[in-house]
């Protein structure tokens, strides 16, 4: 018991540290997509719904399974789809119709 | 057995992830001190030397304990001291003798 | 731990790595989309191995699996449909809805786990404690997120909703919820306390979000995102499922940092937002604080603006909240394309907090096919203003208020876009009304500034028409 | 797991958090020192709780504790003494020595653990596998790091040491080590195989580092730093000690990323360095590849340089490897102070790979009390050159070679310091010899450049003396 509690605690603490570190220095441009991406990740709660289903053996259990599955699936599917849609819009410039508006525009600014 | 193996494996993998994330975006200015700081952290091997001492019950064990303790202590003490010495040298400017060479020098550059 | 469970654990670690790699790649626009997909692969692995394990290990009950599949079908179709059709300006409220369902799912799972023990022995503390926290955080997030979504959508008034005695009510409900939580742990088999907790926490969620102004809602959405992560991690402790613990903690921590960053760029503090201390609202614009005088102002027509733009070499567009409110992103992009084709160098100067959500302008403009290399961040933009002929300010106000450089007003100290350094300035907005911060803006009365009073969408459409005649000529 | 062991585990998690917070704070010069101290607090907690646990749990043997204390005393006094007296230019070799001892400690601990089992039952695979890896990586790191330190210290020639048949020997030794490792696992109680592995891996470490050029040694030190981390993590698996696993993995991963970054700024690839493919050496400077002609060059005296500096408004100093080699950091800082007091604005333009170690110039100048706000990074510096009167290049060559902008030579594509954009340039070096990359530098023959041929330390001292007369006047 303590063995697995310690394992879970260690996993929790280390994951918190990873979470803090992975997010630092996000440009403000991407804060909204980032929020959405993190939102999609907590859709992993659907794995919990699966575990609930595996343990369900009563009508209450089935009902809770249904509710948990519906909520979790909305989160996970919706989360990834909307993030992808949002990010699909962040495009590189089209192949330039004339060389003047070439890709280097952003880099060039500092010296204009 | 598998329980604790899994725990250790999870801890290992998550710590690797933390390590990767914590280091990214270090300015080149600080790469040498950073290397030194990481060097100090693996001095934690001295905790392993303590465990070795706790298990030692033969002359071979004592000898290995001595060697492990000496090597590990050199790492951990030396590592922290040299890192601290190096970082102690990274100073803010002295209180300016005249206002012209005020603290804002670095920030001012972009517009000079 | 069986060998099978060990294997499942290993797949969870692989999934965790993919989540982290995915989030890491979100740091740059060029890799962000791939990052999201890598994270999705991790999700498939985590869920797939959980299903496989459940099928092999417990076999399970046909009815339960049916409930799972039906539920998942309903949820997935709702989620996918809403996500594929949502307007880009409505994304914050959709994220908020997903936080709600995520938190709700975590609470439901925690309750189910508790009930499951109840039929056998009473659950140990290592289960009942995380169950209680899961229910508490999950249901608070559920109700709070729905309210936040309602505010953002305009279904619930954006003003802070406050009423006398709110503080006493808050404390009372919080006390009841806390008591119920403790009792649920102590008695450990009385589901009733858990239900009291559920209701109490849900009310608390509502009470927490109602007093928050609509403009602060994005910060609250981000905070509730972090909460959902924590609720999921708690459910993971209760179920002894490491995928939930890892991903939940990851989001909990990342969401917290993101929330702090968002609040920082907006000059707000998270505690003051949550405690409803300020109660700043979106509606500051309705009450012009100062009577900025129309006499000081040089007014322009669409034609004037078009002429000025067509003969400029470099134009910097400063989009603000008004552009988003008017949904004028496509019009501005069209104007920019027209000018670019005519040889004018057009770029966008984007302030981190332009609009009502960090990065909102970037998302909006991206929707209108503006390449991200044309969107300049604050520093780049401020270098560019020095050499630009026309700064075209559209529905923006606070983000280019030169008074921010002076002390003693509501925007003091906020870094701003130096639109006043451009050779000339054109501002499109509907009136002399102030913006979010409710302060007057001397830029509008600057002699080199011309004002074009119009709704952003309508005004831009007129300018496009007018520009076409100059460009064709 | 006993409750006590659980508590110890929790202290390890606290220590881990402090390590991470500490490393995180190393990202900025202003917080770096505090970061290192936070990490040290974590270390004290981890070691303290391990000792407490060992005392309570096993009580233990007086002789063993004596051995521990004696050993730790010897090691600590060596470490502290060397650390407090080392010259800043010698830090890489000291880090390398610490890598060696860390790796050696990990290998020793792994062996002791294996022996301990041998007296009882034979160790399970979950012990014997990490033991074998711990011994392998640990002893390879031990010997390799000592060789790297020797190269950096100049005790071992910096040139790549290669000999015929090296490849066959490498493969042979690697084969023996691998075989011994497998046998140690399979037989699981024959300490002999472990000793064979120890010797084989040690030889492999020597063979791996010998063929590496002195200039690439910093990258190898960084790589071996990561290896030590992994060896420590392996020892952690063998001992079931989470502090070792966490800290070891942290350093293993962080060190790997750091190594890749270092190699990247140096335009080198880690595999090619390790495989000794190029064998580039420090000694390229001894053989001027091209006869750059002294006739094209405008030579200056110390007096000329002093005059030019004293009448400048803005001076940018470009330090390079030669400054480090001559240990002239204090002289340059003195000159800068003198000029600053005289009203000249003096700053330093620091290239990421100036010198022979990333950040070496920053550390050196910091040693001479130069505040870090005066040290400009590449981009800032290049903006500043446009308005600077004199670029004073001291012992630098490749980092300001304008040919890097042209294709087809050894420095092509490397970002450089635009010293040639300054109004005038003064270069202090000993001859027309080329630098690390072995290519000629057109900056030296530019009409606006004057060359002052001298050792950097000696030359700067002369300039300081000369400047004093002008400044006093």
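Going in written order, the chains are labelled A, B, C and D, and every chain counts its residues from 1.
Basically, a contact is a pair of C-beta atoms (placed from the backbone, for glycine too) under 8 Å apart; a residue touches a chain by one contact, two chains touch by 3 or more.
Only a predicted model underlies this, so the values are computations on that prediction, with no experimental measurement involved.
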{"item": "Mutual neighbours - chains that touch subunit B and subunit C alike", "value": "A"}
{"item": "From subunit D, the most remote chain by mean C-alpha position", "value": "C"}
{"item": "Pair of chains joined by more contacts [C-beta pairs], A-D or B-D", "value": "B-D"}
{"item": "Distance between the centres, which are taken as Cα means, of subunit C and subunit A, whole angstrom", "value": "13"}
{"item": "Subunit A and subunit D: spacing of chain centres that average the CA atoms, whole Å", "value": "37"}
{"item": "Separation of subunit C from subunit D, taking each centre as the mean of its C-alpha atoms, in whole Å", "value": "43"}
{"item": "Residues of subunit B engaged with two or more neighbouring chains", "value": "3-7, 10-11, 13-15, 17-18, 21-22, 24-25, 110"}
{"item": "Residue numbers of subunit C (touch at least two other chains)", "value": "1, 16, 20, 24, 242, 246, 383"}
{"item": "Set of all touching chain pairs, with the criterion as stated earlier", "value": "A-B, A-C, A-D, B-C, B-D"}
{"item": "Subunit B - residues contacting subunit D, complex", "value": "1, 4-5, 7-8, 11-13, 15-20, 22-58, 60-94, 97, 100-101, 103, 105-106, 109-110, 112"}
{"item": "Subunit D-facing residues of subunit A, complex", "value": "2-3, 5-6, 9-10, 13-14, 17, 21, 24, 110"}
{"item": "Residue ranges of subunit A touching subunit B (in the complex, touch as defined)", "value": "3-4, 6-7, 10-11, 14-15, 17-18, 21-22, 25"}
{"item": "Residue ranges of subunit C in contact with subunit B within the complex", "value": "1-3, 5-6, 9-10, 13, 16-17, 20, 24, 242, 246, 379, 383"}
